[in-house]
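Each chain carries a letter (A, B, C and D) given by its place in the written order, and its residues are counted from 1.
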Amino acid sequence: MQRIGVFVCHCGSNIAATVDVKKVVEIVKNEPGVVHAEDYQYMCSEAGQALIAKAIAEKNLTGIVVCSCSPRMHEATFRKAAERAGLNPYMVEIANIREHCSWIHKNIEEATEKAVILARAAIAKVNLNAPLKAGESRVTKRALVIGGGIAGIQTALDIADAGYEVDIVEKTPSIGGRMSQLDKTFPTLDCSACILTPKMVEAAAHEKITIYTYSEVEKVSGFVGDFTVDIRKKARSVDMDKCTGCGVCQEKCPSKKTPSEFNRGLGNRSAIYTPFAQAIPNVPVIDRDACLKFKTGKCGVCAKVCQAGAIDYEQKDEIVTEKYGAIVVATGFDTIKLDNYDEYAYNQSKDVITSLELERVMNAAGPTKGHLERLSDGKHPKEIVFIQCVGSRCSDDRGKPYCSKICCMYTAKHAMLIRDKYPDVNVTVFYIDVRTPGKNFDEFYRRAVEDYGVNYIKGQVGKVAPQPDGSLLVQGVDLLDNKQILKKADMVVLATAIEPDPSVRKIATMLTASIDTNNFLTESHAKLRPVESPTAGVFLSGVCQGPKDIPETVAQAGAAAVKAIGLLAKDKLLTNPCTAKPDELLCNGCSACANVCPYGAITYEVKLINDHGIREERRVAQVNNALCQGCGACTVTCPSGAMDLQGFSNRQIIAEVDAICR
Amino acid sequence: MPMNEEFKPKIVAFCCNWCSYAGADLAGSSRLAYPADVKIIRVPCSCRVNPMFILRAFEKGADGVIICGCHPGDCHYSTGNYYARRRMAMLFSMLEYIGIENGRTRVEWVSAAEGVKFSTTMNDFVAKIKSLGENVRLGDIRCKN
Amino acid sequence: MSFDKTKKQAEMIREISGVNPYKCMKCGKCSASCPSFNEMDIKPHQFVSYVLNDDIEALANSKSLWKCLSCFACIERCPRDVKPGKLIDAARQLVVRERDGDYLSADQIPEKLDPELPQQLLVSAFRRYRR
Amino acid sequence: MQELINRAKELLADGTVARVLGWKKGDMSYNPEVAYFNNAEELEGFVYNGFCAANLSKYLIEASKLEGKTLVFLKPCDSYSFNQLLKEHRIDRDKTYVIGVGCKGKITVEKIRDLGIKGIESVEIDENCENITVKTLYGDKTVAYADAMLERCHVCKGKEHVVSDEVIGESRDTVDAERFAEVERIEAMSPAEKFAFFKAELSKCIRCNACRNVCPACSCRKCVFDSTKFDSAQKANVDSFEEKMFHIIRAFHVAGRCTDCGECSRVCPQGIPLHLFNRKFIKDINKFYGEFKAGEDAETKGPLTNFTFDDVEPCDAVKGGN
């Protein structure tokens, strides 16, 4: 029989305001196995933990139940406290009477009754707990970074600088990501390429960093410290070792009608191409869907003009398999599609563009060589209207419910840059709120208004109507003036909502990392573990976790790197001892468990078994504790009950059911 | 109607540790109320839920049993919820076959970010169980003469 | 008008329209979209505050009520599912009910079809009840 | 029958097999018993007729542990159980020699009694298995063979052996009923009617374990109901739990593995239609996960240790069962 102590936490008033903690203590005292019960203001505090330690020593406790917040919050805290007091940490169970009780119920009587039942279930379980010991597993000292934008580059650099090998996998032909598409950056107006390119070069030159561009993660197996990843290197059709990056092939390529992804479709590129001049690696790829050689079999111009003989039409996709200890996701974002926003005439007029497209228009290497022009007729615009929150903060299914965070600042940047370079252009910004929390952010926005004369109007635009004369009629409202405004504009720029890059869904599935309803990756704890995924060994860098600007992305990239380094620095990891355990005497050797094991942790062995005096050779299941992650799939498929899960055994769960249904 | 005469169903909810239990935590920290009749048992994965547990609950007088796990494709253990889905489809169909109304059993996929869904699911499930009233005691299915 | 009655009217507006006015983030897209904006004394985006402040009396007596064309531009474009057009329509219904003291039955409609009756009400009513 | 005995003698004589597993005459003509035959002399007691319904495949679990090969006679439906046990690594194919025997449907004296015939002394089956002559205290009675057939034979899986080393004798198509008709009849009942129906049937159970002992899928070394793996601290509750849930849990444990051999219902001394549980699972599996015959081969993954990404949701499965 166990000697159990029950500790009921008030959590200040978080629990005590709705649960009569004294009454809980009085009732659970009489539960089987319970020899001690007490309550305290804050069990997780040092004083609270000391109470637990004291009771363990004085009452000779063999198991404890803490009635407190979620085990996801403080199970580790109480396990450590128990361990320090000489109790096996797995003799601790938590009854979640805060998140699952006091916070959601108002009636004290009801909440107290439920708290008692939850405590009883935990007591019933701990009565059947057995001490468990964590095993050890190895750590592969290599990290994988998925995504080669500024987030991925920064994370890779930081990990590599700490002395660990890092691989970057980037799906496009070059690293650089969204930041490479930007012209200037707020609030300092640095040239984006000028600050990004050195980072790209540094990453490419770093002896610890391997970059796989035009490559995608295809398969992930394993677990924290020991992931195995298949990377598909898509056929580039160009030999990376031979190519000198001279660029002649791109010049001579006769197929030049493919919309440039880098220029957001505002200009064209050749079939053999590098996305932009500073691309890393500076080795082109052949877009086989656009290439005449691949489409018709005729052409081959690039191979003829390539002096290095680097063109290889026969190249095939290649799968690289590598082992990693940690994986960082840095898949970034894209802008949402505007097909559902007919009122802004994005699909009807070339002069209605997104802000990211404006970045390309403003950029010297962009489709207009940096001149501010209407894309319809190349004319210089006189009147530009910016519309904020296009698709952001929408609770209908046309847009996204969240604030995209970066739009207020980049719009101020765009407005300021245009007014600076072209004082003859009038700039109007329709906004709902201007959100500028950040260092020097509000000052920046005010400069746009005060020093550059940008006209900010509080109110939304209802409709943009293309006119026969080529102008755009913008119908908006000035809420402060309570007036409807009709404005003729030459260009309209939409601050389009951002969303996680669509590739993240597949990657999250492969990593078994959880994702929220907006496809942002979920962090382990919203406040305290913001760069860790709940899946051990997977870290989050940049916008894949939530909207961010560049400085935040870089800061988070560094934080993700530190977490990865912290993992890689360990020689061994303690493994979860809650693994499956077969009872060899009961095992039929039927292989059902091995069939459902996602980790291949179950094998079979023919062994001499002594079954109560009957000695015979039997085929019995064996579990590899380093591979088993403790899901329990095998335990349910086993008809004889030979396979059980330590820490969540059949008897323990049945005891909980019994306690609840009592 | 006096409070104590109201039907208080016994409802057991099995929640996987990685998604649904966290979803329940989020419902809690967001103060999204649902009836106290729901009691949650934490399991590592929905595939840990043995049909024996559910039969045990019904035999002990539970009025409803709900299993919550990660969305298909998002299982922390890759495939656990797919097995759970088949097992529960089979078991629920069998329970319906022997006379446990189909509303008394449910599987819901709730992610860690879906506190709202967890709360609405539980509200909805409790309402359904209340409309069905007290369950037959599955334990009575075999009476010795 | 008693306090209770105004409260009750505001509640009725919410019930008839199915709109939660608290969802409004005051972006003004409704007023930006409204073709009758200039003829209205209470602008579409202001409707929400009137309902929130239980000031239905003012709404009922406004010109706006009868100037709304029921074009549904605000309903289509509202990013927050507030849909002021529905509030306006609900207020209109409230007024009509008050006048007749009861619901209209289908066979009563023809006799109501006189020039006095605002066309937009008919349009709106038909739109609302066509399903 | 003589052909079977002759072939068995040959295989014993040339050392191919060490023993023969078959049926011998019981104390009455209508209840042959399962038996091992170790030599030609013993084989003189071998019988094979319409009453030899017992599925011998499960005996091979123990036979696989013996020295040398065992010759076993399997009817077409028994061969499915054999394959399923092979899949589960319970029997050693190398230590068995399978002779597939022809089957024209199996009969039971219970069915003859159900026809109102009393005082049965012996039963004779005509050569073509068309009619049965029943000798009773009150004179001879003739019964159509089909009227005495087991329920399972009316919904027979087929005449082919899915596994065998050789086949002797011919089989006959005996299907004259809809396999899932009874399941569908129950599905159409109201929840209260269903509960009442199963309560009435299951209340007859005396927990003799005959169903469990005969079932080729119930081959656990130690049944979960006999171990302490699932009990909680209160032993009294456990007893009632396993007593009451026995048949439902048993059905779940064999779901996807049950070959619908019908032995459970055949041996139940209380006449409980236990196959109705198994057949419900089979019907659901076929409907939701595609036609599946347990034991059709020894490799395919069973439906409950497999999945597809777009399987039916449990709530829809329940509705589909209506």
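We take it that a residue touches a chain if its C-beta (ideal position, glycine included) is under 8 Å from a C-beta of that chain, and two chains touch if they have at least 3 such contacts.
Because the structure is a prediction, the values reported are computed rather than measured.
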item: Between the pairs A-C and B-D, the one where more C-beta pairs touch; value: B-D
item: Geometric centre distance via CA averages, subunit C-subunit A, whole Å; value: 44
item: Chain centre separation in whole Å, for subunit D relative to subunit B (CA means); value: 36
item: Subunit A and subunit D, separation of their C-alpha mean positions in angstrom; value: 54
item: Centroid distance [mean C-alpha coordinates] between subunit D and subunit C, Å; value: 72
item: Touching two or more other chains - residues of subunit C; value: none
item: Contacts with 2+ other chains: residues of subunit B; value: 51-52, 56, 73, 79, 83, 87
item: Multi-chain contact sites of subunit D, meaning residues that touch two or more partners; value: 230, 304-306
item: Chain pairs that touch, as defined at the top of this document; value: A-B, A-C, A-D, B-D
item: Interface residues, subunit C side, partner subunit A - complex; value: 23, 25-34, 37-38, 43, 45, 73, 76-81
item: In the complex with subunit D, residue positions of subunit A that touch it; value: 32, 124, 127-128, 583, 585-592, 595-596, 604, 611, 616, 619, 637, 639-642, 644, 650-651, 654-655, 658
item: Parts of subunit D lying in touch with subunit A, wherever the complex brings them together; value: 65, 88-90, 219-224, 227-234, 237, 253-254, 301-302, 304-306
item: Subunit B partner contacts - residues on subunit D that touch it in the complex; value: 183, 186-187, 191-199, 202-205, 230, 240-241, 243-249, 251-252, 255, 277, 280-281, 284-285, 288-289, 303-309, 311-315, 317-322
item: Sites on subunit B touched by subunit A in the complex; value: 10, 12, 17-19, 21-22, 24-25, 27-29, 31-34, 36, 39-45, 47-53, 56-57, 60-62, 70, 73-80, 83, 87, 111-114, 119
